[in-house]
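Below you'll find the structures, each written out as structure tokens.
Two complexes come next, and they have one chain in common, chain A, joined by chain B in the first and chain C in the second.
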Partner chain A sequence: MNKTATQLIFISVFVLPMLAAAGGMLIPAFGIITLGQWQAPSLSAWINLTDTPGLGQSSLLSISSGLVATIISVVLSQAFVARRYSKGSSKGFDSLSRFLLAAPHVSVAVATAFLLAPSGWLVRLLSPWMTGWERPADYLLPNDPWAGALILGIVMKELPFMLVVSVAAINQIKPKPLLDTCQSLGYSFAQSWLFIIVPGIYKRIRLPIFIVLAFSVGAVEQALVLGPTQPPTFSIKLMQWFSDANLSSQGTLAAGSLSLILLTFLSFIVWRLLEIVITWLYKMRVSRGQRQLFWAPVLWSISYIAGLLIIIAVVSVAMLSVLSFTQGWRFPTFLPEHWSFAVWDSNIVLLLPALSQTLLLGVTAAILSVSLALVCLEMGQSDRFFEVYGKWWLFIPLFTPQVSLLFGLSLGWTLMRMDGMWLTVLWSHLIFCLPYAWLMLGDSFNAIDSRLIASARTLGASQMKTFFVIKVPLLKQQIANALALSFLVSASLYLPTLFAGGGRFSTLTIETMALAGSGDRRVLGALTLVQLMLPFIALLLAKWLPRIRLSHLRANESADTAGAMN
Partner chain B sequence: MCVKPRSFYTWIFLVVFGLSGLVACTPPSKNETPLNLSEITWPQIEERARGQTVYWNAWGGDQRINAYIRWVGAEVKEKYDLTLVHVKLNDTSEAVARILAEKAAGRTDDGTVDLIWINGENFSDLKANNMLFGPVSGVLPNYQWVDQEQPAFIEDFTIAVDGLQVPWGLSILVWLYDSQSVTKPPQSPDELLLWASENPGRFTYPAPPDFVGTSFLKQLLIAFTEQDSLLTLPVSETSKHLADPVFEFLDQLKPLLWREGRTLPTNSLALKQLLADGEVDFSLSFNPADGISGVLSGQLAESVKTYTMKTGALSNGHFVAIPQNASAKEGAMVIANFLLSPAAQAKKADIEVWGDMSALDIDNLEPEAQALFEKLQQEKRLILPNQFERSLAEPHPSWTKYLERVWLERYAQ
Partner chain C sequence: MSMKLEQISLSVGSQTLIENVELFIEAGKVTSLMGASGSGKSTLLSYISGTLNHKIAGSGRILVNGQEVQDLPAERRKIGLLFQDALLFPHLNVGENLGFGLSSAVEKPHRRKKIQEALERAQLTGIYDKNPVTLSGGERSRVALMRTLLAEPDALLLDEPFSRLDEQIKQSFREFVFETAMEKNIPVLMVTHDIQDTQVAQSMSGGPVFMLEQQQIKPLGNDDMTQTNTRRVQ
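This part shows the complex of A and B:
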């Protein structure tokens, strides 16, 4: 009964939406339902789609910018962690990258735009004394047609992520003995690291890399602010079609959503080919056994670039926040001429409701997704359903472009009259928070010493009691981290909140996106600053939560034992 | 514990399924009797509106307009016990697409949009699909103050309004320019081209299909055709050549644009930010108070001035409408009526608030209502339609779509 119940919950929260999304894309894409009428399948939607001008270029842009951004993030992160390891841990950079990791995509994108623009602060720093520009120069950044700004924006957000997962991988590898052996054979540190440690790290960060790749190909927030406009990337093109009132394009939209998924798969295939080529090159190099000295300067200079990028990203985000306290800041002055609280004054009525909605959704989604993940993991130990199928379903939302997934879902929501409801928004958030909670908890949950559990059970404790008295206290810190992560994921969700809420629920991210790329940059700065406070709240919670004593649970438990599940 | 659950899992099961049950079973039965406008009096409508939540879908890109809508929300809460939620759109067509998708899904009542800020081709789309509730204008008591002679309120983009949308204000497409760099602002498209060739990279326009960007194209179309009467009719095979000079002009202009036209600002607010940053010397706006308020708030330099070209400025009305499947029609009507009250219109016309031109015929108002506008005028906080000499009427909405399509084919690849 209980197993079935958990399975049902998992299916209803997670599996059903995925199936609904697939149906919501496939059925209109092949013309089976047009304008509410059942019809024979047709390919007219696909023909319409291929007739769209600029489609090939949009597809190419999505794939190439996604691949390039992922390659850059991986290369930079590997060089950086090598340097970090050789120098001993670097607390400063660790917290900077964690700060960037927690900053919302939109904020980083807007900050990058303000950094790069001809009237941005990078040019202001150098003008007019060095560049001689009294007026902003006319160069094409951001929104350049080669997607350079978009790639930089994605890298600034994904590099910290790659750093964090790589550091975790290094801790698992324990590279010291390997490096010692290698170096005693006469290889330099850089070469040893590159040939021996990097393959080990890579094996462990492959999954996150594919998540980054899928995200970069389907990126919406960054592409809206930084991406090329004529034509835009494929995901932005899809977004533009959504707001097209022309109903006959419903099928075209569905076909477009499926195409974006295909593009993502295509990029996976390209990545796999790259892997094969690079492995072959690696083997060639390693088997020659040459001791080469040029690796060190290469590796170190790349690591400097990575460090510089992180610093620039953090400073840009900080500068954007500073903007909210300015009044009048004209080119080319580097610092604002007048300071004022006017922007805060006039926007506090906008900020407070958005902040409270963000907190409400985030906290609820975090608690529900962590509880659900724990329950499913617990069931997974005795049930192949969760062990085998659970994981695969979970990764679907991470590997599918958000635009596609939500298009499929929104059709079902409209039919069920569920769009525009708070609970639907919460549901949509759970779909994206649960996988992260699961990932965060999975390894440590399964790593709990099984002898502890066996002892508890032989002493007569029920499965439930074992769960609460042994497992939960052991996992306190991981649970708190998972809560913080789920909260941050929820706070940063743009498309799910927009689609499921029908635009009715304004979170900080929704407000920021409404103003991004237009509007008063000072208001964007204010929104960014408030959004940056969220990670601090989350991190505080993560520190404070594990200190709560679980003793009252223990007291209650002993009374419950008899009637509990078998 | 008083209730002893079978187990922890049963609890979770109950909670999650309880929640999904709640979602599925939320009753759509809010209106006991359908609303029949011919049989109901205004006080009855106000009575039925009490306690309703009205989702007003309105473009949300301008903080000053958003602040005005928040003020409306506070007023109707106090006066009529109505909750107003501003659903901020990036583009009005998003809401039109949603309404039409609901129609396609058979959702003929209990829709998600109660009130929509609308005009032009979006109105035309909804009207053609019979998705507008009404005619409502005549039912609203404050409609009597509206300037009934105003051509923009009788026909919107040449489409008969028929009381299906309620006038809210008047717009005129004005230019903002930095008088420090532009001493003699161009007075016609040809002069603009000349200026751009002397100052390459200092001019740009919002990318169509943004409505200001498309309006720039329409203004060119009207100027080049000298208001050909064919523009009031749908685009046809015989009339579409009228748009050719527009694209010849844009072809010539493109290399002279900011960043050589390889990218364009996404909308008029992004363009205003470029003017504020000094990257360009011109901006376009449908709000004649935009320049003045930008200077006042410190966003724009004090040298920024506002003008219209001698060849005329595109002008149109903007409206609010209630979709056929709206959930809170009564509440939406009460809000539409409130928006037409002299107090709300005077506040909207205040340059320091929004500066949108009033939909009312000020000379016909009661003395105390007139006094509100007179006070604004004395303090130089009011812009009147007759301040701009040649206002040009909108062409048929099909021209909007035609210009956008050709523009996208030519420049968005």
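This part shows the complex of A and C:
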């Protein structure tokens, strides 16, 4: 494999867009380009931005909702994994968590809205026997001004992610001997877990926590469906400006995009301060030798809340899907009175093009991102460029609010006259799929026994043959999982499709978001069901495909074919 | 056939592992190299075989049959490498693992025959289709050796190949490896901690024994070996 060619591909697909995005924000924000003309730098865009009414409240909402949602997700996940470990694995909850993890953000957000709405199924469950309500009550949920619904929506989506990464961390720690030692010293299981195991888990899940925090502060899909409106969160304010944008307001938009990045970094600083305080408190307590029994009821109570929340989230998503088969569902009846396929019949015209576009983009982005990740990882083992610099570039889209990054990128695409093209949409999807593909494959790829590779090489296999005949087959399950994950990431992307496609490309997520505010809930249910089928099929394929034994690709013949590669 | 190392130096950052080492490895003889853990023995084998981690800097000439190979990629050096773990490719069956070692120049009808012959030579007939995981440690080691030999190497490197085997299997496999190497008349460099390995290698093939310490390779006489053995027993 040619190192220079691989570096060039990586730079053009990934590094250049990041630089373009930075330029696309910095140049207009400091007035260097105004109304398409080069100007002397100025701070007028920032002054305009600070004059915007409600900006402080929007900023506070973004940071507080992001931090609170992340804290709740982390606390719930740690209590839940403790319970899970003490009871042995819980396959049921693991499956439910995976289901939620695979569900697109927008589906979970819409399902949460349907859960909390005045005519939602939670109220139906309690009405009229408990609430006395015969008609939907007049309360402001979702979209409450304190962002409670938004926090709940983010937690419902991020809790499963925190659970999955925590379980992976536990598998690395191997807690049994540590717990046995603590318990032999007289500490309860709950205290041993909190004092000894949680710090070990935290060290390993710190990076995913910061990813969740960055996502929560800059959340758009959830905030559009569930967030407050008067004023909205900062990211939604940016979206609103973007929709009303004219050339003269581009500077303000750019300054706003940079401000959202600054808000995200501010939330990182707050999180770091919290870490320092908690570490100090922990150090104070851990060596005191107090055997405290109250930790068990605290930990188990939180774990039950986590379990309940997972069940509620899954049921909410399922209930939303059920809506698509209903025709008349009077309040306050809990179950629909009439069932019908009418919604499917009348909306198939909307669904099919959106589905085919989602599939086309998703499959292409998955194949390209996994291939690129594999090639970069292979190069990373022999090239410092990828080992040292590659992975840090990859984290930029995960730590930067999507709306800011895409605003910066959109200017570059407009300058290159690439906005609104299918290839640009694919490119934007690649930027967000590649980091996940890399993260999914990286550990397994680097964990391949280097002596196995040395054996293959000394047996006469070239780097390419070793890659295709040894590494790829050894990683076939991980590759299938990475393909499925990349596909799911692509299928759930809203902003990249919107910004890069200029509104010209309809995907399931785009249609769901278009209907989320005011559309027919039954059509939303149909869209959600189709969106949920995609992860199900993708994960099923990821499980089933690697089991196919391609006998003609096995070693004897591969030696022949690889001979040609040498 | 022979292998010669000239002015070999290896370092990790500012730490020197090996400095200006010279070594001649005669064909048909098993040259033993001993040394403490972390002294750089296995790193030296990686440098010779061309599989050195890119974080380690290496320099010096490697001559196999008079040809310089240090600038060639691992697959073109024709230097076989056998580890303490048999390291059969887990996704390939035994026959396929052996087939991986064979050159693509060997035509299809002859491939299976050659593999069967190798299995017979290793007294392992009937395991062609078996999954490597189901084999015993000794069987796996024999398959790994035959796979290495099917690639027809010009030299063979052994990285503590017997250390994971139990005593009974170790003896027979060790003799099998040395006999096969002598029969093929290829130079063999064996890295080991076990004094018995070196004694058997010396008595069977007449190969010399060296010690790697303080970044240098020094020949080890019989008296030194007795002392090393005594220290080990103590």
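Of note:
The rule is simple: the second predicted complex is superposed on the first by the 544 of 566 C-alpha atoms of A that agree within 3 Å, B and C clash if a C-alpha of one lies under 4 Å from a C-alpha of the other, contacts with A are read in each partner's own complex, and residues count from 1 in each chain.
Note that contacts are C-beta pairs under 8 Å (C-beta built on N, C-alpha and C of every residue); 3 or more make two chains touch, one makes a residue touch a chain.
For clarity, every value in this text was computed on a predicted model and none was experimentally measured.
Of the two partner chains, neither chain B nor chain C is touched by A:Leu178.
By the touch criterion stated above, A:Leu26 is placed in contact with neither chain B nor chain C.
In the superposition on chain A, contact of A:Thr414 is made with chain B only, not with chain C. When the shared chain is aligned, no partner comes close enough to touch A:Ile396: not chain B, not chain C.
Touch criterion not met for A:Leu351: it reaches neither chain B nor chain C.
When the two complexes are overlaid on their common chain A, residue A:Gly460 makes contact with chain C while staying clear of chain B. Shared-chain residue A:Leu452: touches chain C; no touch with chain B. Of the two partner chains, chain C is the only one that A:Ile470 touches; chain B does not reach it.
Common to the chain B and chain C contact sets on chain A are residues 556, 560, 563-564. Considering their complex, residues 381-384, 449-463, 465, 469-470, 473-474, 554-556, 558-560, 562-564, 566 of chain A touch chain C. Those residues of chain B lying in contact with chain A across their complex are 1, 4, 6-10, 12-13, 16-17, 19-20, 22-24, 26, 28, 55, 57, 60-63, 66-67, 70, 85, 87-91, 93-94, 96-98, 100-102, 104-107, 110, 112, 122, 125, 200-201, 207, 258-260, 262-267, 269-270, 273-274, 276-279, 297-299, 301, 408-409, 411-413. In the complex of the two chains, the chain A residues touching chain B come out as 1-2, 5-6, 8-9, 12-13, 35-36, 53-54, 57, 117-119, 135-136, 138-140, 143-145, 228-231, 242-245, 247, 250, 327-328, 330-331, 338, 340, 342, 346-347, 349-350, 371-372, 375, 411, 414-421, 423-424, 427, 464, 467, 502-504, 506, 510-511, 514-515, 517-523, 556, 560, 563-565.
Contact residues of chain C toward chain A in the complex are 46, 49-51, 53-54, 73-81, 83, 85, 87, 89-93, 95-97, 99-105, 108, 111-112, 144, 147-148, 151, 153, 157.
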